[in-house]
Amino acid sequence: MKDLTIYKTIELTGTSVTTIEDAVNAAIHRAHQTVKHLAWFQVIETRGNIEKGKVHHWQVTIKVGFALEGPTKK
Amino acid sequence: MKDLTIYKTIELTGTSVTTIEDAVNAAIHRAHQTVKHLAWFQVIETRGNIEKGKVHHWQVTIKVGFALEGPTKK
Amino acid sequence: MKDLTIYKTIELTGTSVTTIEDAVNAAIHRAHQTVKHLAWFQVIETRGNIEKGKVHHWQVTIKVGFALEGPTKK
Amino acid sequence: MKDLTIYKTIELTGTSVTTIEDAVNAAIHRAHQTVKHLAWFQVIETRGNIEKGKVHHWQVTIKVGFALEGPTKK
Amino acid sequence: MKDLTIYKTIELTGTSVTTIEDAVNAAIHRAHQTVKHLAWFQVIETRGNIEKGKVHHWQVTIKVGFALEGPTKK
Amino acid sequence: MKDLTIYKTIELTGTSVTTIEDAVNAAIHRAHQTVKHLAWFQVIETRGNIEKGKVHHWQVTIKVGFALEGPTKK
Amino acid sequence: MKDLTIYKTIELTGTSVTTIEDAVNAAIHRAHQTVKHLAWFQVIETRGNIEKGKVHHWQVTIKVGFALEGPTKK
Amino acid sequence: MKDLTIYKTIELTGTSVTTIEDAVNAAIHRAHQTVKHLAWFQVIETRGNIEKGKVHHWQVTIKVGFALEGPTKK
Amino acid sequence: MKDLTIYKTIELTGTSVTTIEDAVNAAIHRAHQTVKHLAWFQVIETRGNIEKGKVHHWQVTIKVGFALEGPTKK
Amino acid sequence: MKDLTIYKTIELTGTSVTTIEDAVNAAIHRAHQTVKHLAWFQVIETRGNIEKGKVHHWQVTIKVGFALEGPTKK
Amino acid sequence: MKDLTIYKTIELTGTSVTTIEDAVNAAIHRAHQTVKHLAWFQVIETRGNIEKGKVHHWQVTIKVGFALEGPTKK
Amino acid sequence: MKDLTIYKTIELTGTSVTTIEDAVNAAIHRAHQTVKHLAWFQVIETRGNIEKGKVHHWQVTIKVGFALEGPTKK
């Protein structure tokens, strides 16, 4: 078995009062605080809450992939 | 049977010449004119028309959920 | 068989460092350079790359439909 | 927010003893009696009942989209 | 076009603090107050809220089908 | 446990040189020769072969449901 | 080719006037009368009939897997 | 690597004012004018436009597969 | 970027010998022992083991969402 | 109704300690012992068991199609 | 609009008498003869033909993505 | 609530230059270094990179399930 990277994917929901892009960045920003090597994301679902006939905040769920570091040795 | 809220979901397509977010708000804005208690939405499909090599307008289909009021008495 | 238009659909991925809308327009802009009669698109997938805890660029895959012209005579 | 049309989609099941096309037209014909501005449809499911080893009637479920008129004013 | 029944489907979410079955019945009970000829349902999604490590209430979304009556005459 | 009917579903592909409806009926006709109590069907997939630029035959895959009889006694 | 078990999956719909669990057990109970080695099931669809504003009976479709015995010899 | 055929699949939408089958044939007929070796198709989506409470034309989207010829030599 | 909550979703399978609801609660009960702020769940899959012609235990897979606390500072 | 072949599809799960291909062949090999005219298969799901950090055996579920012979006469 | 790469995706089916991997490589090998800049692929479907109780050949359908070059100038 | 095992599922992507099976084993091998009680996996997606007209490496995404140990006491 050669030394090829293994990735793990987690699912996060970011929220924003402005845009879908901002909600995605909010989730990635938070993940970045505790997970290294974030590599890619995929939008899974775009939802939101409504108040007074307007989108109150966007809730965008993404899958985020990151490289796992090897344990033993390192 | 306890007094818990029942929600109904309808499907709308909003259009916008600018952004996906604007198309969603257009649909919610319209629904708000005739339906009370709009609570949440979910983006179902994002399409659009093309003219002269550019997006002419965005067509975003959403499901919109709202609480049903009880019918007088019962 | 009557003379009704036939459409073909191709799948493209546009990229943008700013927004989903911009990535879609980038793909359509490129298609417009070699394909005539672009008529509509549908967003199939929204992904992206992450660098330093931020979206580095958006990768939006769309299906683009266009009318096929008849092949000279027949 | 510009004055762009908003569409609503409803789901209907038409039935026919003859063809899928006829079942679709039956549903649209009925919707047309109470809803204005029907614009498009999409076939969602094709089912049917069987009697004596033959299709007894076709049940075709469609989504039907129509333009919403503005409420008071606009 | 023969006189075969046309059905309409609506989407409702019932809630219950006890069971999935109860949430479904709550939605159907409510629909029954304003819609005639309810005929069948299909469970679309089963979700719920959590409080203190327990399901607080179940939210079950169903599609409910009912026969449309002809509009006067036909 | 009360005496309520149990149904079994099988998957068949009927073929026809003429129509989708005919291909469905061909499959049901064949099933009827060896299975009793056929009750309903659902179209799963519509495919076909092409020869000389025309549909040569339609291949329509359906799920067919039928009531199971109780095995002697019960 | 080593002697590893092969499984077959069939699709059944059980019905019950009380619960989803009861409908599943009804289908499995029936399958058990004619099929050996039933091993697992998966719920595929939960539907039902409505009468007088209540669920009249639940119709739960499951896939049921069972080990195939070798045909004489092998 | 042995000399086994490679197939390519393209997506087309045929239109017809009469039937689904006719719309499929229209798309295949057009593809046949510029692509050799058309082998099979699969119906992906059946939609249509409505005018005056009737289907105005059917729009059937199919995937069409055809064998690729080797490029000179190989 | 405003201070809006970010949620993480994990996937768990709870088991129960009695009901689907009990299996869901078992999974949530376990998650509650090590994860704070559990907020919602969604049923993803309902399976089970069969022994002697009866459901031996239910295996219900859910997605469970919970609010992420900010890491030091923010 | 012309004499065109009708196909039936069954679902099997083959297992193998070595490869996905071998698991598929195991299922087909077993089906071949009791069913004539096996024609095609489609991989539906690829799963497996893990022991000591390795795949212990592969479980590949396939749909297998075969031509139905006419019952006496026709 | 910045100079970011646009990708196109095509769908191919490769065949092999030996393995799934070989069928994928066969399709990519063929595409490489006429398309530049092949970048990635995704397996869409794994099917095959059966003869004499064995897989006769594997048919693996993949989506293949490649970078589009700019058309002269612009 | 009885003492029945609860499982957690995580999503990993293994890579390999040789086979799909090897990529799956690489992901499981890595998970085994930090997670106990790995029990099963399911293949979710099979992708890969292309270089010089050949698969450069396979990227296989799997869901891996493992039993959760009880947290002290319970």
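Just so it is clear, A, B, C, D, E, F, G, H, I, J, K and L label the chains in written order, and each chain counts residues from 1 on its own.
As a convention for this text, a residue touches a chain if its C-beta (ideal position, glycine included) is under 8 Å from a C-beta of that chain, and two chains touch if they have at least 3 such contacts.
The structure presented is a predicted model; accordingly, all values stated were derived computationally and were not measured.
What shortest step count links chain C and chain D in the network of chain contacts?
Contact-graph shortest path, chain C to chain D, evaluates to 2.
Between K-L, J-L or C-H, which repeats the contact pattern of F-G in over half of its pairs?
Interface equivalent to F-G: C-H.
Once you find the CA centre of chain A and the CA centre of chain B, what distance in Å lies between them?
Chain centres of chain A and chain B, defined by C-alpha means, are spaced 25 Å apart.
What is the distance, in whole Å, between the centres of chain E and chain K, each centre taken as the mean of its C-alpha atoms?
Roughly 44 Å separates the two chain centres.
Distance between chain H and chain J based on Cα centroids, please, to the nearest Å.
Result: the chain centres lie 29 Å from each other.
If you average the CA atoms of chain G and of chain H, how far apart do the two points sit, in angstrom?
Chain centres of chain G and chain H, defined by C-alpha means, are spaced 38 Å apart.
List, in ascending order, every residue of chain A touching at least 2 other chains.
Counting only residues that touch two or more other chains, chain A contributes 10, 19-20, 25, 29, 33.
Any two chains that touch count here, so list every such pair.
Chains touch in the following pairs: A-B, A-C, A-I, A-L, B-C, B-D, B-E, C-H, C-K, D-E, D-F, D-H, E-G, E-I, F-G, F-H, F-J, G-I, G-J, H-K, I-L, J-K, J-L, K-L.
Touching chain I in the complex: which residues of chain G?
Residues 19-21, 24-25, 28-29, 31-33, 38-43, 64.
Quick one: in the complex, what on chain G touches chain J?
Spelled out, the residues of chain G in touch with chain J are 1-2, 4-10, 63, 65, 68, 70-71, 74.
Across the complex, what residues on chain J touch chain L?
Checking each residue of chain J against chain L gives 18-20, 45-50, 52-55, 58.
What residues on chain A touch chain I, complex-wise?
Residue positions touching the partner: 10-17, 22, 25-27, 29-30, 33-34, 57, 61.
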